[in-house]
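Letters A, B, C and D mark the chains in the order given here, with residues in each chain numbered from 1 onward.
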Amino acid sequence: MSFNSFGRVFRFSTWGESHGPAIGAVVDGCPPGLPLSEADIQPWLDLRRPGTSKFTTQRREPDEVRILSGVFEGKTTGTPISLMIENTDQRSKDYSEVAKAYRPGHADYAYDAKYGFRDYRGGGRSSARETASRVAAGAVARAVIPEVDIFAYVSEIGGDAIDFANFDPSQIGENPFFCPDPEAAKRWEALVDAARLDGSSLGAVVECVASGVPAGWGAPLYAKLDSELAAACMSINAVKGVEIGDGFAAARLRGEQNADPMRPGDGGSPVFLANHAGGIAGGISTGQPIKLRVAFKPTSSILIPVETVTREGEASDIITKGRHDPCVGIRGVPVVEAMMALVLADQKLLHRAQCGG
Amino acid sequence: MSFNSFGRVFRFSTWGESHGPAIGAVVDGCPPGLPLSEADIQPWLDLRRPGTSKFTTQRREPDEVRILSGVFEGKTTGTPISLMIENTDQRSKDYSEVAKAYRPGHADYAYDAKYGFRDYRGGGRSSARETASRVAAGAVARAVIPEVDIFAYVSEIGGDAIDFANFDPSQIGENPFFCPDPEAAKRWEALVDAARLDGSSLGAVVECVASGVPAGWGAPLYAKLDSELAAACMSINAVKGVEIGDGFAAARLRGEQNADPMRPGDGGSPVFLANHAGGIAGGISTGQPIKLRVAFKPTSSILIPVETVTREGEASDIITKGRHDPCVGIRGVPVVEAMMALVLADQKLLHRAQCGG
Amino acid sequence: MSFNSFGRVFRFSTWGESHGPAIGAVVDGCPPGLPLSEADIQPWLDLRRPGTSKFTTQRREPDEVRILSGVFEGKTTGTPISLMIENTDQRSKDYSEVAKAYRPGHADYAYDAKYGFRDYRGGGRSSARETASRVAAGAVARAVIPEVDIFAYVSEIGGDAIDFANFDPSQIGENPFFCPDPEAAKRWEALVDAARLDGSSLGAVVECVASGVPAGWGAPLYAKLDSELAAACMSINAVKGVEIGDGFAAARLRGEQNADPMRPGDGGSPVFLANHAGGIAGGISTGQPIKLRVAFKPTSSILIPVETVTREGEASDIITKGRHDPCVGIRGVPVVEAMMALVLADQKLLHRAQCGG
Amino acid sequence: MSFNSFGRVFRFSTWGESHGPAIGAVVDGCPPGLPLSEADIQPWLDLRRPGTSKFTTQRREPDEVRILSGVFEGKTTGTPISLMIENTDQRSKDYSEVAKAYRPGHADYAYDAKYGFRDYRGGGRSSARETASRVAAGAVARAVIPEVDIFAYVSEIGGDAIDFANFDPSQIGENPFFCPDPEAAKRWEALVDAARLDGSSLGAVVECVASGVPAGWGAPLYAKLDSELAAACMSINAVKGVEIGDGFAAARLRGEQNADPMRPGDGGSPVFLANHAGGIAGGISTGQPIKLRVAFKPTSSILIPVETVTREGEASDIITKGRHDPCVGIRGVPVVEAMMALVLADQKLLHRAQCGG
């Protein structure tokens, strides 16, 4: 029941602070015999790596992952896989002011209230840097579910949404926003750059689709597939909302609109004529694509002064210098994908435990 | 890691099917010495009980709870509290058709795909009837967190939202919709009744607020307070979306708009000038009210025919006879409250484990 | 991580006190489609039932089990199986003295120290009566592992051990001691009866063998098969020691004596020429029979006065009236078998989760 | 529920293979604000370090621990503590033969049967080298329970037991056997050296005592203090038996002999006149010293040929070259102490969660 672990049978734990010597993850319960090397993990980390465009933080981290255990002769052994990423570009001097006053929107005050004490350098444990560990663990999860294809993208930044008429998945890798709509990508360039120059920040919505999930993964109640996905996504820094399928829009539909009608399919399995449910019914996958949407708040680290208090209880104003993402949701894309992979790998093994096959 | 349990230190497991002899919950980890009797639990069950108005299912269940263990001389002993509610008004004959064909929007197909087999009577384990067990367990949780005040209400039905200018918490118990806006309550009467007469159903949004939670409950990452709440709410039948604080609206704010500025307070603790965060930062409570919103889809059981397939793979149309809620979100109110209480009780004990106090 | 649950994927929770209305267990994670009815569970409860001879407590409980959920049309559905056994022969008046003073060897003082409060009637939660719930859950576990054959027996009472030269498994059911050596059974009759008439009690050793477990169940470290079995057995009331294979005797062997040599077998799997290891190496089954031994202390409830203190801290002497087993280890036999079944069912499913097959 | 984690609230996970680049542990749930540095951990590792006398393996490992996270300015922060120990003296060439044939008594065959594949270098994950991670984690646990004093010692090697009349705890650190009886230590020198020169090995019994544990830690049933200790000790490599208090000897006592009588004490708490129970009743500590005994089998790696089979199923003889402990139980002493500390730290926090204080 640890505070820093996730998953039930396929389970990972992360550790590390933004400005410590390293961060990492331990993945436990991985099936044996799967091909795995650093080369299978690194590309996903590279997608999330900071400093690749002016739209992300200028911290420069190579984010090179090392596998310290659990792999032998290029294959997983079934024992814990320890992944480590060294921190190389810590500039602790940037954070001296943070030690004194709380940054609104950050975990500063809450950590102090909880622990009476905190590692204030770069947000410490609450830094989005922790998500690199998740992305590394997610790459291992992908090896467990080769039948599943996962992709995520940004569908909205600062309230400016993509036009689904322009939706082209091949565009996602072609712009710094993981944007499937080339028109929107152009607009966002100006939008995000303006926010950056203002010292402000923007929120975003990330959508994720997993296809190839067979019907039957999940569980009736507290290990429901949608419940697990909600927990997984809501555990990502800066996330404030999660929707499965139509989400809040479903609350505005009538029963007959929201039903996903079924017809006999060629291969024995039924065909669904709609997917309002996002591929999950009663907590269990239906064989349709799993679809979810995640809301990222705007980055709390901004150069615009915000009223705050110091640790000593004095009124103060704070601006957060340092190197930050003007829109933290962008780099959330590989993180959401990783969480989807981690949940599905776990659910696959759980299903196999109870139902075989 | 069981499939039907929730919580870490304060943990409950539910069992039971809609049309079996009984349903129930086992609550484990409850602190000793708390006053508890059936009379502390029954009122919450009565709030959720079916058949109290024409806007809810006409199934008539007294939903009388019995405490079978864990209480002695009116106080909790620290051992497991077993709660049982007998099913009295099962009409299994209503469900014969369900055995043959899958009801779209229901768990029927997914259960069959998973287990190769299902208890089709009234949805079996996937019936919203299971939520009575949660409400009973939630009443025990309330005894663990007397410092916390929780209330929930319906803020939107079928796309028709309340006007917060009319918001009056004392109205919530005065209408069959848990509606804090008397104007909206009037409109909903017509709206829900029309849907009912059409044999259709409506979705709803439920909002929940917990005040009195001190700063410091929660955990940095995978036991984050918001992550736990998201999992808890998404595990409720028919829920498709969860928002903490501003939720998806936060994705449309700029950093300086979304910040919750802080000023020195009288008692030493800072005062927040806004609560976009919904009382949680970095996964840990800030001392502000915890706020969340939950989207319920429209009830899938409707009298309007929907295309489906039979277990044998034949095309068919199905209507769901029987007694159903035209808007399942309404009775979701006490369930969301219960989940809030259950998560907070667990987090209180977890915090005490790690940080004392 | 609840305090009253056991198992990882196949998981059960028990609840109930000796003198409450009922006791029970909830079994979660059971595979679907297994034939199960009360008739499959009752015979195991009957083996453990009190009052069947003068060598066990004279409390008369029919111990009739009811299945309240998780079974439909005679087969498990994959949802939680709720099992309940009503308490019928509670004589609370017998226990008035226990409320005032602590019975040495019992949990009385420890419970009071922990909870500040206890249900003193018949030991409350710490009563051996709880083991009926385990036996019921164990019967479900047996349905999960039809390939495994489990049997246990008493090998020693009050220091008088069986002679393995007389070992005859068919004798186990032929005497009130679960004794495989008819000579020893005769001696024990006099031995136990004498202790009973003295108002004293005797300890016992129970041995358990599981054959048919394939090689490969278990895990390298903290879910080791032997570690799980040790936890399972040590959780039984009155147990003070657990040995796997040769146990403490192995500590007196040299490496070459303790090795279990291997030779090629007919069916591809190797044949072992000895089984000092008790069928487990490195925490994982080897395909040999799993063997363990469990030490039960003498029943703490005796009619011989023992020095104690009252709740108010006064010196006192106490004798424990009421109906007690002169040798609680005897009825431990079906309980040890149940725990073996419960651990193996869990490990089978865990193995399937990680390694398939 | 991971396979390589232990504990409930204070939880640790270990990773790493004997011949990989490093091994380590992640400790989660540690209270914040405890002083901790590498200097607090290293002395315990030094006690367990190989190569310190001819009675232990000649592998030379400095076993230098690094803290990679969870500590800031010399104090624990409440976030996960990542501990890493690099492997420096791997001689993989020693193990080529092990790749081909199974070493009886080792995990070789069981791992292959489970995973279809194994890292055979030095036993891989099943190597006793993993216990260094436990010792490091145990040092963190000690910081959580400063009120508890733990010490362990070897009480028997190869069947030659200490004489408790000679028991002198100050002697434990004065000989290479952790032996509290200087006479026995002298005899063991000859005994172990002879076994070593024969290429054979010896078993041992380790005893551990924890004093200062207050009454009230533990739980009624499946998180019983004794059950947790049994699981913890049985998870150590080469352990085949665990006893609490009198253990198997209690099975030979009568009820009145086994009772631990109580008298009023000075400070309000009762005084016990004996400790047959080993400080635990009903799964909960009584305030007396916690006492347990652990049986280590003789090291399976010996130079005396043993019959075996190859991976291809051919009959073969095997001797295990390389550097091994002639009596692995000796270095088990700091490991048993570590497991005692880890269980008690967890139980302290669990007790605080449920009962406060």
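Rule of thumb we're sticking to: a contact is a pair of C-beta atoms (placed from the backbone, for glycine too) under 8 Å apart; a residue touches a chain by one contact, two chains touch by 3 or more.
All values reported here derive from a predicted model rather than from experimental measurement.
With contact taken as defined at the outset, chain B and chain C are each touched by A, D. Between chain A and chain C, the least number of touching-chain steps is 1.
For the touching copies chain C and chain D, the fraction of interface residue numbers used by both exceeds half; the interface is of the same-residue type. Two chain pairs, A-D and A-B, are compared here, and A-B has more C-beta pairs in contact (counted per touch definition above).
Separating the CA-averaged centres of chain B and chain D is a span of 45 Å. Taking the mean of the C-alpha atoms as each chain's centre, chain A and chain B sit 26 Å apart. If you average the CA atoms of chain A and of chain D, the two centres end up 39 Å from each other. The set of chain B residues that touch two or more partner chains comprises 1-5, 8-9, 14, 29, 32, 78-79, 114-116, 125, 220, 350, 354-355. Residues 1, 9, 29-32, 78-79, 220, 349-350, 352-356 of chain A touch chain C in their complex. Those residues of chain D that touch chain C in the complex are listed here as 1-6, 8-9, 14, 102, 104-111, 113-116, 125-126, 130, 156, 158-159, 195, 200-205, 214-224, 226-235, 237, 239-248, 250-264, 268, 270, 273, 276-278, 280-287, 295-302, 304, 306-309, 313-315, 329, 350-351, 354-355.
Interface residues of chain D, counted against chain A in their complex, comprise 1-5, 7-9, 11, 13-17, 20-24, 26, 28-29, 32-33, 66, 68-70, 72, 75, 77-82, 84, 114-119, 121, 124-125.
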